[in-house]
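Shared between the two complexes below is chain A, which pairs with chain B and chain C, respectively.
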Partner chain A sequence: MSSTKILSLPRYRWPGGVRTSLWFLLIALICLPFADLEISSLDPWSEMGRLLQGVISPQLMDSGLIFEALLATLAFAFAGVALAVVCGFLLALAFHHTFIRAICALTRSIHELFWALIFLQFFGLHPLTGLLAIAVPYSGIFARMYAEILGQVPKHPEYALPAGSGFFSAILYTRLPQAWPHLVSYTSYRLECGIRSSAILGFVGLPTLGYYLESSFSQGYYPEVAGLMILFYLLIATKKVWLRRWTLPLFLLGAPFFMGTGLPIIWGNVGRFFSEDIVPAPLRSGEANWQSLADWAGTIVIDQALPGVWNTLLLSQIALVVTGLFALLFFPLINRYCFGVAGRFPGHVFLVIARSTPEYLLAYILLQLLGPSMLPAVIALAIHNGALIGYLTGRNSNEIQLRPDAPERQLDRYFYELLPRSYPAFLSFMLYRWEVIMRETAILGILGIHTIGFFVDSAIQEIRFDVALLLILVAAMMNILVDLLARRIQRHI
Partner chain B sequence: MLKILLRGVLLMLLTGAVNATPAFVFTAIPDQDETQLKQRFQKVADYLQQELDTEVRFIPVKSYAASITAFRNNQVQLAWFGGLSGVQARELVPGSRAVAQGVEDPVFKSFFIANTSAGLSPADHLPESLRGLTFTFGSKGSTSGRLMPEYNLREQFGISPDELFSRVGFSGNHSRTIALVESGAYQVGALNYKVWETAVAEGKVDTSKVQVIWETPTYPDYQWTVRGDLDAAFGEGFTARLEKALLGMKDPELLNSFPRSGFIPASNQDFEPVRKVAKQVGLLD
Partner chain C sequence: MTALAIQSDSLGYGAQRVLEPVSLDIRTGEHLILLGKSGCGKSTLLNHIYTENRNECALIPQGLGLVESLSVFHNVYMGCLSRHTVFHNIRNLVWPTPARVAEILPLLERLGLSDKCFSAVADLSGGQQQRVAVARALYQQSSVLLADEPVSALDGPEADRVMSLLGQNFITAVITLHDVDRALRYGQRIIAIQDGKLVLDERAERLTVSTLNEFY
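And now, the complex of A and B:
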């Protein structure tokens, strides 16, 4: 038996990662003909010219207002993330319960802008709306990551605890100290995300930077837009300067004072939202039966959910692959084997700017320039996420020790050495990002691309919150499924 | 130090919950450029504050739905709504009433505008050649930028806008509709005739690139709507004084900022045609 086996020719097998990637590429190529990728703007260059003119002559509008908006952006980010850290940590301790896991999966699968739109309906323009819009999804995200980080630390110190030590002592004295650096670095990364989220919340009316960005943008005041954007980049780029161990408590304690006063909450509205607004219309009318409920849900699914899901899938699968290509193109920019210290600097600047610009904002800008189609959304998603993954992959590739016989020519070195050796890490970043891209794709619908967010926004504009909630839940289910799928694939590579 | 800060936080939470002095707050649908809206309604706020002798605030919002929600949630007590948003808001708030409208509002209309590259010319009905072009409404909740144009399109062509045009978008507001059709991002659009006329008069439109191709039959549009429970919150006779103040806006500068030539009384009944059309189009249940 064994002799025949030796004689048979060894068949070449593609590495698992490459096969997975080719599948994704194939799916994206199949999606391509169905996607609307037209440049419908007649003259994108003149608009682009006006935008660039704005960029070279940035202007700040009323500086008092902007300073307030800047503080509010930070305040919502700090307060929201802080609340989420506490809730997320507590949830992480109970993460072995399926119920807790499911709740966390649900809260994080709904985008913060959707949460904001939900809270707006009953809290109105009150600071609580912005605070919870960040805190609720981030709690779910923290719970999962904290649970993973705490689960990965070595268990040996626990065996040294005195007999009878409880669960909390074990966490406090053995797990937490070991996991601490990882927890801190992850939380700090999330804080940066929180600042981005907070800025974007302005687009639905909260008093953060996005509020003024949207105003200036929609009126074509590009110098003001540029001024605001530069301010935003400076804020993110100087994070290391103003965010220190001793300034953190100041930010946290100050946060509640700078979220603006908004309009007072009327608690009766909360009850009404849950007992009336989100109850499916046929159940409200009194003579409810299964038939009318099924008709109602059926119409929504066929007219809105299915087209929304279809477009979301098309767009996100294409965007995912383009993101990957961008990331593979970007990562050498900051790799030490490709460029010297000075040569890497522009790469770093580019990646910081690209990954600090929220997809939502990029898509908004590109939609103005290129006209309404999926193309601006694909580019926006790919630039932001490609820069992020490019940065992570680049950082990872700097750990590589070149083989002594590594090729001298840069291009050869990239293809024969850096690329294959960075690929597994790159692929796992991509799989992790898949769900994020899907979630963002859904939300871009608010800007007018017909992904599921478009239908959610329409339902809200028509004051049909039952429909909006149903569609939001559909979007959440998509994200949860993609998340599960991504983890399955990850395990099988 | 920490104690003082904690107390501060507590105090803030408490005052937020109790809300001692009720200010009179109003809002408006964000139907055109925000800077213009802010200027206009700040003037209105100053005027009302003077007439009513109470603190009056204007709160700008980012969407039509947000203005309806704020009104429904009693976070604002008065709103400048469009025909459709007014009907939606009054259905949600029993006892609320339309009290005043512009002289022009009972006979409002929409303009269909087209980029000259589309090769359409002005006519007394919408041309067949509209089929297959790209088209933008204003906001999803607009009367003159969405509801009435959609109704007229359905009446004339017997199919939905999605079937009629190759691409249908929502620009967000009337000013954006002009900008997008002028730039050619969409070939055709529909908007509030007042916003068009004002923009043309101010020289903000390149009429060699975009022109009016059709105007809709008239319909009732904008109005001031008040909640029914104002007297309970602000004292007996407050609603009557408010109505009087709204109808009494005579300052030409104030009127020009709308732009309206004056304000006349309105009733919920006046907007019955809008409600019927909204039901027919499927925007109301």
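And now, the complex of A and C:
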């Protein structure tokens, strides 16, 4: 072996995961100059000061009202998620059909707030609106995850069953018991998401926490906002205490009684919605032809869909990268090789609070403080999702077994042991989250940032539901494409 | 001269006692082989020696302790993390520095791994991974080697090459093995452990394969 061979060595290449991450970073950097990241409010600090003052002196409004709001929040979450579990499981069993797969992809790619806006148009402020706004997208989500979980169990038991055991019996006796713990833990995680979704539905008028949050906030009653938020965190943080095997039936049976009565459904509206409202405008007038329909669609695409899609892409790509950076910063906070039990406690509290705060709510608050631009949206998305992925990565990194001669310096340990060992899991969490971040980015438009949700909201306010529905479908297509792309990338790393 | 003086109370995990109290002097220049069935307590003893003498020892643990997502180069470099600044370590992680590559390549060449320098450890076979762990210990350049079955995944000639490489590069060594024949060839002093007790402590030249086989 001569030394010339040493010199002709292949160049070092970054591992696939690192290269993928760098591409995302590059895209985000290219997006930056196009994004409006200004702080446009005149005096963000004094407003921030007033909010912080509210946080240190929280106040509760009328306790009866609050109690009702909390119960309604839970009721919508439980009823919606329960309905979705049943539908999702049945759909999961038929998930190998392309048609079912496509339907599920469509229902879950439309955000629950968009669903709420749609159902509001024909059911009005009826409990059914809130129930279905959660149940429909969650059914799609459950169907996919349940199908994945059921597909991952060992196949031998089913293979060994006698012939003619039947489809349902086979599932009940082999796949379901094996997958049960995973199904339960995933459903329980989704229930927490359901509580957040339910709280947010208050922003469009349902009687959940969001309704009171918005009214307190818009009037500047910050101590009340803080009181409500603290209550919300306590509710989520104590989930393990009040949600037991034996309390679950109570919540499920009680749910329908606490969703409020709302306003009666006017069935005429339902019919009109399908027969008139969502029919593209040129088709409603008598002399419909392909030309007028194409003109109609062309105008919407150029004036609303394209700018909406462009802004949604800009914002979500920047938010995705900031989310990743936050997550990599946050996860050592709860890692057992970085901090002792007591040292990890503040990290846990911070991550619980940050990931329990819905990004919509965070963005709403930050928008009031910083003024309308993409900056508050990026921060909100990055804090919420960064804390969630930081938590998942941190929990994952605690399962690492370091060898006895692992590096002693903290930074060496982070960069040479914890980071490389956690990175593959981190990256798959991020890729999975990409679609969620895009869905949330679209919805943040309702708050006034010009992502696609802004144009949907404007169309609804102008009572042009045909336009709104077309734009919602455009947003759904974007999410489906990103989901497909993310899974492709995941396979190729 | 004594390189390591080991005094221990009984060792074990929780309530389970794995090893009786041990008192052992390891002299400088001595290559000591620990023999015994799996589960007899030899790994426990080795880990105890390591925790008491971290600063002088290079370790090849049983699980190898490699970071599979990093390249062979980076895993070997980890042997010397404490000798460089954190800044240099981060820089070398992001892009290998030519000076470090020049140090590590000859080492990999001797272990037949030079073409794998920048491959991820996850892509290597079990035997190759074991040689990476050996390279990491060699790169550390400590005076004492503690190795737990360092050649268990290597075939005969390969295992002999690695054993003699370890023998040449460390002044003092404590190595666990289960191959009696190899223990006699590379060890100067042999200790056999049975049921958590040291049952034999003898110079290698006074032992034969058949006497040692009794302990299996």
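Simple rule for what comes next: the second predicted complex is superposed on the first by the 485 of 493 C-alpha atoms of A that agree within 3 Å, B and C clash if a C-alpha of one lies under 4 Å from a C-alpha of the other, contacts with A are read in each partner's own complex, and residues count from 1 in each chain.
One rule holds in what follows: a residue touches a chain if its C-beta (ideal position, glycine included) is under 8 Å from a C-beta of that chain, and two chains touch if they have at least 3 such contacts.
Predicted model, so just to flag it, every value in this text is computed and none were measured.
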Which of chain B and chain C A:N398 touches, first, second, both or neither: neither
Contacts of A:I265 with chain B and chain C, given as first, second, both or neither: first
Partner chain(s) touched by A:S218 [first = chain B, second = chain C, both, neither]: first
First, second, both or neither for A:F415, with chain B first and chain C second: second
Which of chain B and chain C A:Q59 touches, first, second, both or neither: neither
More chain A residues in contact [chain B versus chain C]: B
First (chain B), second (chain C), both or neither touched by A:I460: first
Contacts of A:Y423 with chain B and chain C, given as first, second, both or neither: second
Where chain A meets both chain C and chain B, residue numbers: none
In the complex, chain A residues that touch chain C: 1, 5-6, 9-13, 15, 17, 401-409, 411-412, 415-417, 420-421, 423-424
For the chain B and chain A complex, residues of the former touching the latter: 2, 5, 8-9, 12-13, 16-17, 19, 25, 33-35, 59, 61-66, 68-70, 72-76, 88, 92, 115, 117, 134, 139-141, 167, 169-170, 172-173, 175-176, 179, 183-186, 283, 285
Sites on chain C touched by chain A in the complex: 47, 50-51, 54, 57-59, 61, 63-65, 67-71, 73-74, 78, 81-82, 86, 89-90, 93, 95-96, 101-102, 105-106, 109, 114, 117-118, 120
Of all residues in chain A, those that touch chain B in their complex: 40-43, 46-47, 120-122, 124-127, 203-205, 211, 214-215, 218-220, 253, 256-257, 261, 263-266, 269, 281, 371-372, 448, 457-458, 460-464
